[in-house]
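Below are two complexes that have subunit A in common, paired first with subunit B and then with subunit C.
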Partner chain A sequence: MVKRKMEHSILCKNLSYNRILDNYGWLFISFALMLLVIFLFYPIVYSFYLSFTSSKGIVQKFIGFENYIKLFNDQMFLLALKNTFTILIIQVPIMLFLALILADILNDKNIKFRGFFRTGIFLPTVTSLVATAVLFKMMFSLDGLVNTILLKLHLLKEPIPWLLDPFWAKITLIIGMTWRWTGYNMVFYLSGLQNIPYDLYESAAIDGANKIQQFFYITIPMLKPIIIFTTIMSTIGTLQLFDEPINLSSGGVTASSVGPGNSLLTLSVYIYNLVFKYMPNFGYAAAVSYVIVFITAILTFIQFKVVGEKE
Partner chain B sequence: MNLKKLLFRSFAYIFLILVFIASVFPFYWMIVGMTNSAVDVIKGKMTFGNQLIYNFKTLTASYNLGKILFNSIKISLSTMIGTLIATSMAAYGFEIYRARTREKIYNIILLSMMIPLAALMVPLFRLIVELKLLNTPWGVILPAIASVFILFFFRQSFKSFPKEIIEAARIDGAGELRIFSSIVVPMMKSTYAAAAILSFTTSWNSYLWPLIVLQTDEQKTITLLISSLASAYFPEYGIIMMTIVIATLPNIIVFFTLQRYFVQGMTGAIKQ
Partner chain C sequence: MKRIIAYLVSVVFLMTILLTGCGSSGNSVSKGSEQSSTTANSGTKKITVWCWDPNFNVAIMNDAKAIYTKEHPDVQIDVVEMAKADLEQKLNTVLASGVKEGLPDIVLIEDYNAQKYLQAYPGAFADLTDKIDYSKFAKYKVELMTLDGKIYGVPFDSGVTGLFYRRDILEQAGYKPEDLNNITWDQFIEIGKKVKEKTGKAMIGFDPADGGLMRIMLQSAGEWYFDKDGKPNFTQNPAMKEAMITYKKLFDSGIVKKVSGWNEWVAAFNKGDTATVVTGAWIIGSIKAEASQSGKWGLAPTPRLSLSNSVNASNLGGSSWYVLNGSKNKDVAIDFLKEIYAGNVEFYQKILVERGAIATYLPAQSGEAYSAPDPFFGGQKIYADLSEYMKNIPPVNYGVYTYEADAAIMGIMPDVYSGKISIDEALKKAGEQLKNQINH
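Moving on, here comes the complex of A and B:
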């Protein structure tokens, strides 16, 4: 009887102690949660509501799916969608593959000056996207640095109209983005590789696996979770592309065309234009932004599925 | 066998050197560029010129560079401090006091990472107007403090924090806030350093939101200055280069001083 009573009181004490701890849990997250509710969750929900409304001036009325239906006939929107996808499909795989190879090489303990190389390749990450775009705009001008070098090396007969032609403008953007982000992704892979036992490579080498085989059969499978993570982060980043296309095109935010023939018009730039440049139509802009959200959700889902990872 | 190995290694070195040059060269070029005239920059001159002082004088004559840098520093430092406090505490709360409800909240927060800033632009802009934060640094700082990515980063790192230490401190009678501030924070120094770099540089480099909120020249940041210089009808390329160098320098300094921690912090976060 006494024993049971004691057990009961200990249980009660534990319960109330757990409740206290639980309250501390809320206390610790409260500051961030408050900010997130105000500056993230509220706008997300409100934006979703807005996407079903039409606002001309101060009059705002509910119009159901009309905004979304209108999108299918909006040539500007379709162009922005196409541009964003072209950049995504070409840029992200090239960059991530490059980052993987670099991380794999820099993980090899036989390579000298590894820290030196790593720092140098990571360095572009410290420049802002705006600075990157402006730098590349100058380097890739018609009689600029890149054309001069390529002509001097006799790799070209005619200068390439980098930023004057819709096709080459996208290439320039992709080169700039790859320059800026490869080192960043490489650091994630390098950190991930630290957790792969180095013996694995050594015993594979003893078994006669060459570097390429080691890369495909050890590095890639072992890094799978981080590869998914970086793929998703890069996909999200590319779908939100704004700073680079704006600053690569002449005229910046006020230009009538983003890149030659609107070749650098991305979804985010289009939303910005809808809100701040054209006759503001908040509802329609919100609908465009929710298209990005849906696409991101679908792509993230596919990326998880393709890799077949449970976590 | 050995020949093959040698071949692989030389390829690896050639590849590394090429990527290294491609990565670092633009930095050399921007430093050279700020000593050259606009015409020389755009023609791709690769040697130092004598326009450094002229460029600096022209830049400071037409813009209040001190004020612009001050604005940038104010915004980035405030955001960084706010982010470190808010997100590390939240991550600690989510990880150490695990509870089902909070776990659900955490998952929703992570999901929101998929939503682009552009999707929030309209309501957030209205909110900032209503809170009378338009054209003030706080309009940029407040929405940026609760960074989901850094919250995630902190939580991943806290996963490898030895829980026994917290238990032991509790038995010794230390309060929960005390445990966090005087045991956990000092032990997670490298994570904090890495998060500080990420937060500071992200804020320093941010463009879209400051572009919307900071509407007068008085409030301009250095990143906005680069953009407006570069989109002028007759861009002064040498001056643009100088601005880029000035804008990039703090990031490089922050990175090199905290680099050791950065690699440690990243490794700690990824272990899980």
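Moving on, here comes the complex of A and C:
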């Protein structure tokens, strides 16, 4: 009887002790949790609610799914979607492939001034974006540096309307983005390359594989996890593309289109315009941002599936 | 032993964090109380003003502040400068959040946006209908700040437009100043062809993606992107069609220097590559920035469209002051605007001479600075001329969707330039797109 009682009390003690520990645990994380709820969960939930409303500033009304239906008829939104995907499909593969090749070349121990080239290629990533955009605008103006050089070299007869034509404006944007972000991705690949044992290349060389074969049959398969990672990061980054188009198209005399013929209008820029440039419609802007979330989730899922992590 | 050391280290570490934390917060508290005590002692009333252009409205507001605080030493005016986009972003977020803190007492709002703010944030701005004598302001300007019969702002600068031209270049092409008076855009293009032929210079800097010129043309005909009820009116709008045709003509004519963005556009006339600029009077500062061209410029009325209702006067841009309703010193803010911006004629002479600001306060225009000849413009009395043009500006209701409309129409222009679609089709397409975008 006594023994049982003791056992019981020990059990109780343990239980309550655990409970106290539990409570302390909650206490310790409560502050971080509170911040998380206030600044992350609440905005997510509230913006989801917002996406079912329509607003003119603070004049707000609940309209159910109308925002999402309206999206399909909104040519401006569809154009932004199209622009974003055009840039995504063209720019990301070019940039990643370029980064991969550069990383492979700069990983070669026989190349002189490796550190210099690595730094040089990485440097655009850390420069100020506004400064780059201003320089790009100057270089790519009708009588700017790029056209002048191309004309002087007799590669062109007429100057290219880089920032004046919808097609060329997109090309300029892609050039700018590639210039800026290739070095960033290259660093990931470089660090990945350090983990590939040199024996593999050696034995491949003995078996008679040339450099190009080594690149495609050893380097790329071995870097697969990092390639997936950079692809996903670049995809998400491009879907949220905002700074580059805003800065490249900014400073219009009194303009409100984003680039010639809205050719640089991306989804994020459209969200910004919906709230800050046009009649502030927070509800509709929230709906558009949920479209981005949705697309990002789908694309990431597809990328995981396609590349196929077996385990 | 190790444990004890580790324990000691962590205790010291924690103590330093706690102490420094307390120390710094203690400091800031004492600073804060110091500040509040000084303001409490002198009993000053503080007004905060937000505006955006350091060479223009910020500088002018500082002039106004100097005049007002001399007579009212108990008032402290704080002029905060921020980029225009930042200002709008901040105003939008604070107003939408419903928080009373963090707003200024007076804010500068661009005329195209005025109705948008008034309708989107009802009750946010102070009703000044009985406080200011609006009969003394240009009529088109007052109309922009009227909502449901109540008037909300104090009109500030005018965006009255003109045709600014290089006398020397046009003379070389065989034109006298009179030849530029009251012309149509078609005549403008004809003159441009001659100029190009004789001097090799472009007639005008032209940003094909910019809708500014379009708005000048529309308002010169008393039309806008919308009808009287604020519904998009692209297809039943002869002024708009004519403006589109003119845009295409300009684009194809070979007399324009194509530029992208403000910097290139300004550089085009500062470098002397173009013979004319057609835009708001606020450009005078940028024209005069190139001192070597002094005496070579002239001013003529804005070209008109080839329509019977189009006149040789229009407007581009311009802005006004608004008082926030939640302001703690609302009465002081209103009194400040009333005394300086709606009553001080001398102030307007000063900002005209020093900053090139054309007032919409009519009594100011009889002041001497307005009738003084300007040596930069070859002795022409340009401010008297601009004031004359201003009287003819057709009033237009900008509505609340000007920027949406502008983006819609300019978004389709590349297809018009390349001839892919006709102007009628373009208007129809852009109009439908706008309707889908703005229906709520």
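What we mean here is this: the second predicted complex is superposed on the first by the 265 of 311 C-alpha atoms of A that agree within 3 Å, B and C clash if a C-alpha of one lies under 4 Å from a C-alpha of the other, contacts with A are read in each partner's own complex, and residues count from 1 in each chain.
The criterion applied here is as follows: a contact is a pair of C-beta atoms (placed from the backbone, for glycine too) under 8 Å apart; a residue touches a chain by one contact, two chains touch by 3 or more.
This one's a predicted model, so the numbers in the text were calculated from it and none came from an experiment.
Asks: Applying the touch criterion given at the start, work out whether A:59 contacts subunit B, subunit C, both or neither, answering first, second, both or neither.
Replies: It touches subunit C, and subunit B stays clear.
Asks: Mind working out whether A:165 is in touch with subunit B, subunit C, both or neither, as first, second, both or neither?
Replies: Second partner only.
Asks: Could you tell me if A:282 is touching subunit B, subunit C, both of them or neither one (first, second, both, neither)?
Replies: both
Asks: Which of the two partners, first being subunit B and second being subunit C, lies in contact with A:76: first, second, both, or neither?
Replies: second
Asks: Using the touch criterion from the header, give the chain among subunit B and subunit C with more contacted residues in subunit A.
Replies: When the residues of subunit A touched by each partner are counted, B comes out ahead.
Asks: Of the two partner chains, subunit B (first) and subunit C (second), which one does A:137 touch, if any: first, second, both, or neither?
Replies: In the superposed model, A:137 contacts both subunit B and subunit C.
Asks: Using the superposition on chain A described above, determine whether A:119 touches subunit B (first), subunit C (second), both, or neither.
Replies: First partner only.
Asks: In the superposed arrangement, what residues of subunit A touch both subunit B and subunit C?
Replies: 137, 141, 250-255, 275-276, 282
Asks: For a test of understanding, state which residues of subunit A touch subunit C in their complex under the given definition.
Replies: Touching subunit C: residues 54, 56-59, 63, 70, 73-77, 79, 137, 141-142, 161, 163-166, 249-263, 265, 273, 275-282 of subunit A.
Asks: Which of the residues in subunit A come into contact with subunit B in the complex?
Replies: Its residues touching subunit B are 21-22, 24-29, 31-33, 35-36, 38-44, 46-47, 50, 98, 101-102, 105-106, 108, 110-111, 117, 119-121, 123-124, 126-131, 134-135, 137-139, 141, 143-149, 179, 182-183, 187-188, 191-192, 194-195, 210-211, 226, 236, 239-240, 242-243, 246-247, 250-255, 267-268, 271-272, 275-276, 282, 285-286, 289-290, 292-293, 296-297, 300.
Asks: Can you list the residues on subunit B that touch subunit A in the complex?
Replies: Answer in residue numbers: 4, 8-9, 12-13, 15-16, 19-20, 22-24, 26-27, 29-30, 33, 41-44, 46, 85-87, 89-90, 92-94, 96-99, 102, 105, 109, 112-125, 127, 142-143, 145-146, 148, 151, 176-177, 180, 201, 204-205, 207-208, 211-212, 223, 226-228, 230-231, 237, 240-241, 244, 247-248, 251-252, 255, 259, 263, 266-267, 269-271.
Asks: Name, in rising order, each residue of subunit C that touches subunit A in their complex.
Replies: Spelled out, the residues of subunit C in touch with subunit A are 85, 88-89, 92, 95-96, 98, 116-117, 119-122, 207-212, 215, 258-265, 279, 316-317, 400-401, 403-404, 406-408, 410-415, 432-433, 436-440.
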